[in-house]
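Just so it is clear, A, B and C label the chains in written order, and each chain counts residues from 1 on its own.
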């Protein structure tokens, strides 16, 4: 082993050493990069400040607390046109999250089914699925969103068609669900002895009502599930010990069902059915056509990508695993669900995360179908009515950035928890 | 761990020992692409450089007229497509009522009604396009309001169409007044004053409604025709234009209520009054031409020599020096009028009763005919 | 007992497999009808396919090609559900080229064809050098003919002669002979990569037009930089020369280039008609944004990827920050920046046109994704490659240039192609900020009184156009991936 010595010992520090001496060079480069970066930022900020001053629009977020003046149709919380822009943006954010969560769930379900079906031995099925995947992957998602909206509008009957003695359209599922081109009206759960709501954040723009009924219901239901699981565990333990499994399914069912039903009865649970009143259906929950179109288009588009990921994940599992499972006497379906998919999951999850992120970001295209997500409220009408482009876009980017970072953090945490523990 | 150290030490040797081969593949790729950018930016970079130099000299004159003349083209913001007001035909030539204003200004300033770059803008991008200087003027169904004038800092140079927001409903709905629209689903074009007016109207009348915000008129009409909304609301001119394109125009009625005043007109940036004057008086010239019976057919005759009416003479440049005051040729108004005819002709050609749009003059008749269209005197 | 045989001593003759396992019937019973579930699915799928195809054909086959407006169509189909293809006949040029002047359509077409020829040597030598030059010369000859004028025709003749010569060579000497000739010291044709390097200068000039001196002047910047480095390296040291190599071109472009181009143009006016970028639209716009953004983002992406992998903390932080920020926000917000804010960020008076602003933002967007793709390529390289480079005593940049990058980029090509497909599809978003890409044009077309109310036909055609482009590219990238796969599983 030769030991390395740096060639310069004698003499003090020379300026040229900043560049030619490997000890200092990295620091020099970094400082130069930092200075360059800060100069660039400073230059941009300086320009912006000057231009905005010339336009008479000094940056200020004060507009967020001014009255919005416009209405939002799809809303999860109460809102009127006299509320602030902040409130409108908050509702938009909730709408973004709503469609993103719904989209991620359906995209995963469809994607996994299609990905598995693409590997089916049934020639027609696998071709059909391949066609679906290529169709959706190779056409812009914006086009799919617009198309889905057009299909919704054109193919469904309008509420007018439900009217009259001999209506052209009738409600489905025993007169409980109405499919119209304004969206789908489904029955909504209502409570006659309602416990009321908890009002969070008072009357501020971020006020939030939480239904006590829902909380009570969920607490009882989840409690039931937990107890049921404990009973199941005990049954397992008994089986391990004695070899005989006690019959517990009826107890487990009862533990969940009885308290839940009791609570529902006590709260006076009933379903509010949609019903044609005036111009529209009233009652029930209204899922707007814009929401459905966006949700469908995003799910189907993303599902095509997820299907490919799932397929690749399954193909990555060596054939020996399938053969081993067959040797153990597992049927193909169980082989897939017990042996292949759990292993494939490790390959699937990282790209799946980035597809969830893409779906969330693509939900900003809601603006094309008039779904009032955060891009439609904060980045759309608010920006337009107040003329505060810089502030609105900055906020908008921050919101999306935090959503993205949160999703990747959560999913990475999940990924780490299912990762093969390597030695 | 020794190898990397060695490597660094090697780099620290005197430069003369180092190979000085030209940097190859990856460097090349970068250069290539940077180059591409450069080439695309060609003019812009050069112009940018000139601007920087100009700034350094401390001169930042905002003379739009000089810019337009230097460029040889007028940049005019229009809608991406509103039937009768602005839409390109199969050859990409823009036509419409708003487009005619742009063409008239181009003709007055540059003497060529085709020397216009039409910049399609959406409800969202139109104001930034104007304030950033991307366009010289905006002629895009824009309502004159105080806040747009004062807060957004635009000068509305006049009104070329007096409009108001109305409602259109299918006839078989049996609605005869907007007050009966409680609970209706309303299609609105987003990014305009309409959605604010709508919210106020329903709030004031204590009614509820369900807004369906839509980006373009084409989509709004699709929803309306399919029954996805009960009501379509926009400016009354837009409603009439839209109704005229229906298979059966009588199947829809326009409700009598007009819930807002929508004076639509071209606008320019604050801060360049000379340019604002040019656009304002070009518009007025078109209006005055109709009043004095100057049409695109008889203008050659009228402008050949000074006639009996001194105001016509002044307008057409055969008397006085109005053009010079504006910084234009004497024949500026003549060129503007020749580009598409006087106000009445432009109206009739693009949105008048003989077009598919079929709008009556109504408020937009000359003041003598009971309308609001009125030009200050050319004196 | 020994003469009792229970074991057959001769083989049974082979018998044909049962009819139910061979031929069409066998295939079907194996693949389509094995089991109740599968049979049901098969029948359902077939029913669905028949229904969908019948429905689609019933709509699509409609003799409305000649219709001049929607009312014509309605008369022709007379109450049936039928497509109105007249709108496509009327507007297909607009969907492809936007408002690009019709007599100049050859220019975007030529740049598109040249793009392929320029890409051939980059994406592996798929065809021989001679073939490549032959194609190039032939295409350029056709292009020169389009320019017209004495100069154009003369140029076309020269180019055609060159093409004919190379073509003749190609026909007369086969591959093996040629290899021998080369071995014997025959001069090879120059590397077609030369054209690939020049293409980025030629294509924008073809698309936007203007003086021929502009691309020359832009190219001259690089030549000057290179010359400055070569000439001064001995005098002021490598570092000074490198800095000079960056500074000289920048100074040239900023201060001298415009004047030089004007003077040169004054002395020898050569050029083609300039086309404003506002006239770009339709597929041409999508392709221009996509191709330009991807090609510029590649070098930026490489730098970012290297920065992200670097040991230098601040550099790394800056790169990670940039990449994660861009990847964390939707493209539409970046396009909002392009349409409303970019001019505000620049010094007062600077005015990029909107297409350029969109290209800038699309480039930044693509760079972040490109950086991740290339980082993947770098990570996929075996550690041994880095160590080998170190062992050879190569410094960082030489190691990257000679060993790491060539391999990493090769691995990344499929990823780069899919990034391009993604970006190309995402160019439809520019319709939201009012640019007239195919989707934006569909709205504009519907705003014309002839075609108010038309819908599906335009969407069908636009979807088809995107599908053709993206599908062929993804197939190509899959083919590359197969070719590049060196591991054997």
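One rule holds in what follows: a contact is a pair of C-beta atoms (placed from the backbone, for glycine too) under 8 Å apart; a residue touches a chain by one contact, two chains touch by 3 or more.
None of the values given here were measured: they were computed from a predicted structure.
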{"item": "Chain of greatest Cα-centre distance to chain A", "value": "B"}
{"item": "Leader among chain pairs (count of C-beta contacts)", "value": "B-C"}
{"item": "Where chain A and chain B are represented by their mean Cα positions, the distance between them in whole Å", "value": "39"}
{"item": "Cα-centroid distance, chain A relative to chain C, in whole angstrom", "value": "32"}
{"item": "Intercentroid distance (Cα basis), chain C paired with chain B, Å", "value": "35"}
{"item": "Chain B, residues touching no fewer than two other chains", "value": "6, 8, 11, 124, 128, 215, 222"}
{"item": "Set of chain A residues in contact with two or more other chains", "value": "150, 154, 367-368, 383, 389"}
{"item": "Interface hub residues of chain C, defined as touching at least two other chains", "value": "239, 340, 343-344, 346-348, 432, 455"}
{"item": "Of all residues in chain B, those that touch chain A in their complex", "value": "2, 5-6, 8-9, 11-12, 123-124, 127-128, 131, 151-153, 170, 172-173, 181-185, 190-191, 195-196, 198-200, 203, 209-215, 222-223, 226-230"}
{"item": "Contacting residues of chain B [partner chain C, same complex]", "value": "3-4, 6-8, 10-11, 15-16, 18, 20, 22-52, 54-55, 60, 80-84, 87-92, 117-122, 124-125, 128-129, 132-134, 215-219, 221-222, 225, 245, 247, 355-357"}
{"item": "Residue ranges of chain A touching chain B (in the complex, touch as defined)", "value": "1-2, 4, 6-7, 20-22, 25, 55-56, 69-73, 80-82, 150, 152-154, 157-161, 181-182, 277-280, 282, 289-290, 367-368, 370, 372, 376, 380-381, 383-385, 387, 389"}
{"item": "Chain B-facing residues of chain C, complex", "value": "74, 90-91, 93-94, 98-99, 102, 197, 200-201, 203-205, 208, 210, 214-215, 218-219, 221-222, 226, 229-230, 233-234, 237-239, 241, 253-255, 257-258, 276, 278-279, 292, 295-300, 302-303, 339-340, 343-344, 346-354, 356, 359, 363, 387, 390-391, 393-397, 399-401, 405-406, 409, 432-436, 440, 443-449, 452-453, 455"}
{"item": "Residues on chain A engaged by chain C in the complex (per definition of touch)", "value": "19, 26, 29-31, 33-34, 37, 44, 47-48, 50-52, 54, 121-125, 128, 134-135, 137-143, 146-147, 150, 154, 357, 361-362, 364-365, 367-368, 375, 379, 383, 389-390, 393, 396-397, 400-401, 404-405"}
